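Supplied in structure tokens, the structure appears directly below.
Order of writing sets the labels: A, B, C and D. Residues in every chain begin at 1.
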Amino acid sequence: MGLDVNAVWRYAPVERWTSGAAAVILLTFDVDAETMLLGEGGDRYASDLSGMSHGAFGATVGLERLLRMLERHSTPATFFIPGWTAEHHPRCVERVAAAGHEIALHGYLHKPPSSCDQDEQRAEIERSLEVFERLGVRPVGYRAPVWMTTSYTLEQLGSYGLQYDSSLMDDDKPYLLDTPSGRLAELPPQWYLDDGEQYLYLPYPGFDGVIQRPSSVADTWRDEVDAYRAIHSLLVLTAHPCLSGRPARVRALESVIEYAESLGDVELARCDEVAARLLETPEVELLQSRPGE
Amino acid sequence: MGLDVNAVWRYAPVERWTSGAAAVILLTFDVDAETMLLGEGGDRYASDLSGMSHGAFGATVGLERLLRMLERHSTPATFFIPGWTAEHHPRCVERVAAAGHEIALHGYLHKPPSSCDQDEQRAEIERSLEVFERLGVRPVGYRAPVWMTTSYTLEQLGSYGLQYDSSLMDDDKPYLLDTPSGRLAELPPQWYLDDGEQYLYLPYPGFDGVIQRPSSVADTWRDEVDAYRAIHSLLVLTAHPCLSGRPARVRALESVIEYAESLGDVELARCDEVAARLLETPEVELLQSRPGE
Amino acid sequence: MGLDVNAVWRYAPVERWTSGAAAVILLTFDVDAETMLLGEGGDRYASDLSGMSHGAFGATVGLERLLRMLERHSTPATFFIPGWTAEHHPRCVERVAAAGHEIALHGYLHKPPSSCDQDEQRAEIERSLEVFERLGVRPVGYRAPVWMTTSYTLEQLGSYGLQYDSSLMDDDKPYLLDTPSGRLAELPPQWYLDDGEQYLYLPYPGFDGVIQRPSSVADTWRDEVDAYRAIHSLLVLTAHPCLSGRPARVRALESVIEYAESLGDVELARCDEVAARLLETPEVELLQSRPGE
Amino acid sequence: MGLDVNAVWRYAPVERWTSGAAAVILLTFDVDAETMLLGEGGDRYASDLSGMSHGAFGATVGLERLLRMLERHSTPATFFIPGWTAEHHPRCVERVAAAGHEIALHGYLHKPPSSCDQDEQRAEIERSLEVFERLGVRPVGYRAPVWMTTSYTLEQLGSYGLQYDSSLMDDDKPYLLDTPSGRLAELPPQWYLDDGEQYLYLPYPGFDGVIQRPSSVADTWRDEVDAYRAIHSLLVLTAHPCLSGRPARVRALESVIEYAESLGDVELARCDEVAARLLETPEVELLQSRPGE
């Protein structure tokens, strides 16, 4: 096996976690806000007020606009909020919680675990948990910043009472991981389902993507919905309010939601719901071997 | 609040600054010319005569062509001109002024404030003001080169008699900032509304974008006009004469202007006009809190 | 001659290697798996569990899905598998072999020959051959990782009993190379026929491509099939299961296979078959000079 | 004036250099071949046989294919050939000359003047002239590698008996430059009219463009033909045989030539012809000031 982790992969039958839908879409938002810069180099980029304001848009105007759009469709979503964002934009946490969405962990300063030592890895999680505790929120899921987790961070998650992770990319169906600190559901993301690859451009600190036309992004995402339906997979769509909260992009995302709704057999769910279904699967139904292993 | 600025955000009702239009488009041109290279590394790139000529096109042929196009449509625009450009291409300043467009500050050598110390930040502004004074121009607005301003530069603007800034990205509606040196209007730009992201390619000094087809850029910008109209926002479109002054790109930009004109409810305005409307808003109508805060 | 190699180029008539088809498509898969990271910097990226899982997808879920798709069409293919992948994912080798596809060499840790000294170059091949011997597989072909071979590696291939190489880009028809260690068939690849250029994005270690829409990639590839047919060339299509094994991308690749099948005059073959046809060409029919030399 | 050159810009009326056509297209090919790597770092990339073969394609197969295509349309063209390419691929020079096309200078090892000291700048030109003299070719034009010329190189050209340069980007109409060593015609290129920006991808040495679909490149170029016609400009199209000599790309370029031919009022010419027309313009008709100066 290629992944060096003290964990056992286990698979539940599709019917268990889809509850019968042809495919499940997890609409997830990473509210990085200013940490998109801070996590790349501490104070190095903090003096760039324009770059910081680009991030701040995500925790304020962009977030509000997306929340209103989700409300129009009664669409449930999961918001991965770095501890720093929650601490500096407490209103953002209040608004997301009040709208009935899920709030999950996404590091404190958006530092990827793979660039931290073990103490820092734990600190990024623990500091965030403290912030959310003060705000009355109890996250049950975690996503590694920049999707660069480590076996160490993965194996710690259970000890914080977390029930799922969304950082590994070795499948497009969800699965279970039995780690030394407990069983986790894994809800696998993928770079091509992240709006950052399509929209993120900030020349410093080197986010030099090619900004795509929103209507073309929506076309691509609709194709993905079709492809995931056909094979009953879990489409974890990741958007950033500082990117997808812009006028034409909100429309693009809304058109994908409308398309999914129109199909009649696609479910839009929160991460914690799908994680719970996986974790509730009777032991006897679980398969241990990974596909292809 | 995530932005570390000694300023207070204040918002005017949409009707005040749009004067009733569904959306306002600010057509802005950054006449970087050779400073596009010089600001990246002083003399390091100055010996590259081809790269310098690529910039010079913007202050000469490209500018002339765009001025004629604007004249055909009686479209008002704002030209952000670095002091160095004004000094070395004084005819450029004359032509823009004679055509009735606004001229505003854009640094002296196009050095981003966030890569300058405080003395250099002031020098970039003061040296530019001296050049424009000699040319008989009195700018009232400022845009940070590479959209990388600092809280220091932002807080100095009022002391130079400036009335607006166009460097922050935390909204797509304009707003007011009460800084220690006075009240400023903020007219927020965004990278995805900058033709640089679509057209700029110069392998040295590392401008390695992917050049887009002009007709496709026009399609994208028309989508944005629609999206901004729908939510009554301020579309600050930024073009560079050294890029958008090329034959097919002038046509692309013209087609966007024609589209906006055809809608009947979109206003094309100069930055100073919208800034003035904001600044004239009666105190009693202003809201203090930022959206989402 | 521009290529500094102790080899003589020799050309067989098109009819010999196409066996009468208008064009031949070699569908090839590089099963880099985790070596996509490991080959870039040894242990440096190994701690990034997410990146590693992105690779692992290729040797497991992605591979299985592609094998099933190929089975639906009875399409033969060649899988270039790094030794490390074969060693850590032995099931992957079994599955490919059981499905009747060809397995060929692709380095051990996916280190490009041009960044290795001569000892390391030999070790990358020898270590892989040992792994495959243990697994009962006898490869006859080689492709340099990252398509960066050296004259040294090329000239060694014959001594390992290999019959073809797929690393040079100086033609789009196959040819023969008489090297000091024996005659090789060369089956030339090209970057624009590699799904990596279209799909690969991993910010660390700097794979910063722009992810394309799968349906658009399929459109492009169909154009290439047409262009290669018109001039009777060899279209060596390269896909990576960690990229092209994703839902919408499997559909895109399948649509290209369906298109090729529908034409009636295009052959889909394994590399070893076309290499054998070239090597069997009667000496008298071979031309020695390279086109244009 | 922003360009630090000891030269005077002079302009001829459009009718002189177009000879009545609505626009003139100069089809130019840069036959960089292996120097695309060598010029970036001497021997550093020379051991990468695959990269070198990617270049070699341009001087052999790709070149032959493009020559045949041009012959089908009796289209004249100019080939800028680095001295190294001519020395190592003498057959390439013979073939281009025999087909009646123009051959012009493009450095010796494809090293940009702006990264060379003055001795090296002269050596790049002189060494190339020696190679061409041995091959019986007398170039009259020059284009700086990577379009990074210097005022020094520009001012030397006349002393070598050269009549035109194609390295500056401050106009899209041709003009005259009176330099200390004589009068030159300038035939301005532009990055967006270079197939490298659309097709070049070689991860080492860092050519990390995004490969475009050939039919889409052809669409873009047809748009440019229309735009240049409308304003009577000079469209200097630059292609590299190692890129545009590939099957689908030859078709794309051919479709642009067919489009230009179909228009009836567009001329396809060699660089030396247009340069000669400019140089023959009666003194009395020349304007001295640059547009916008």
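In this text, a residue touches a chain if its C-beta (ideal position, glycine included) is under 8 Å from a C-beta of that chain, and two chains touch if they have at least 3 such contacts.
Remember, it's a predicted structure, so these values are computed and weren't measured experimentally.
> Both chain B and chain D are touched by which chains?
Where chain B and chain D might share a partner, there is none at all.
> Between copies chain A and chain C, what's the superposition rotation on C-alpha atoms, in steps of 5 degrees?
90
> Centre to centre, using CA atoms, which chain is the farthest one from chain C?
B
> Over half of the interface residue numbers used by both chain C and chain D, so same, or under half, so different?
The interface is built from different residue numbers on each side, given that under half of them are used by both copies.
> Measure off the straight-line distance from the CA centroid of chain A to the CA centroid of chain B, and report it in whole Å.
Once rounded, the distance between the two centres reads 35 Å.
> Roughly how far is chain B from chain C, centre to centre by C-alpha average, rounded to an integer in Å?
49
> Residues touching two or more other chains, restricted to chain B: which are they?
As it turns out, chain B has residues touching two or more other chains at 208, 210.
> So that we know how the chains sit together, what is the shape of their touch graph: line, ring, star, complete or other?
ring
> Considering every pair of chains, which are in touch?
A-B, A-C, B-D, C-D
> Can you list the chain D residues touching chain B in their complex?
Counting only chain D, the residues touching chain B are 1-5, 112, 114, 144, 146-151, 154, 167-173, 188, 190-192, 197-198, 208-210, 216, 219-220, 223-224, 226-228, 230-231, 233, 290-293.
> Sort out for me which residues of chain A touch chain B in the complex.
It comes out as residues 33-34, 46-57, 59-61, 63-65, 85, 88-89, 91-92, 95, 199, 201-204, 208, 210-211, 213-215, 246-248, 250-251.
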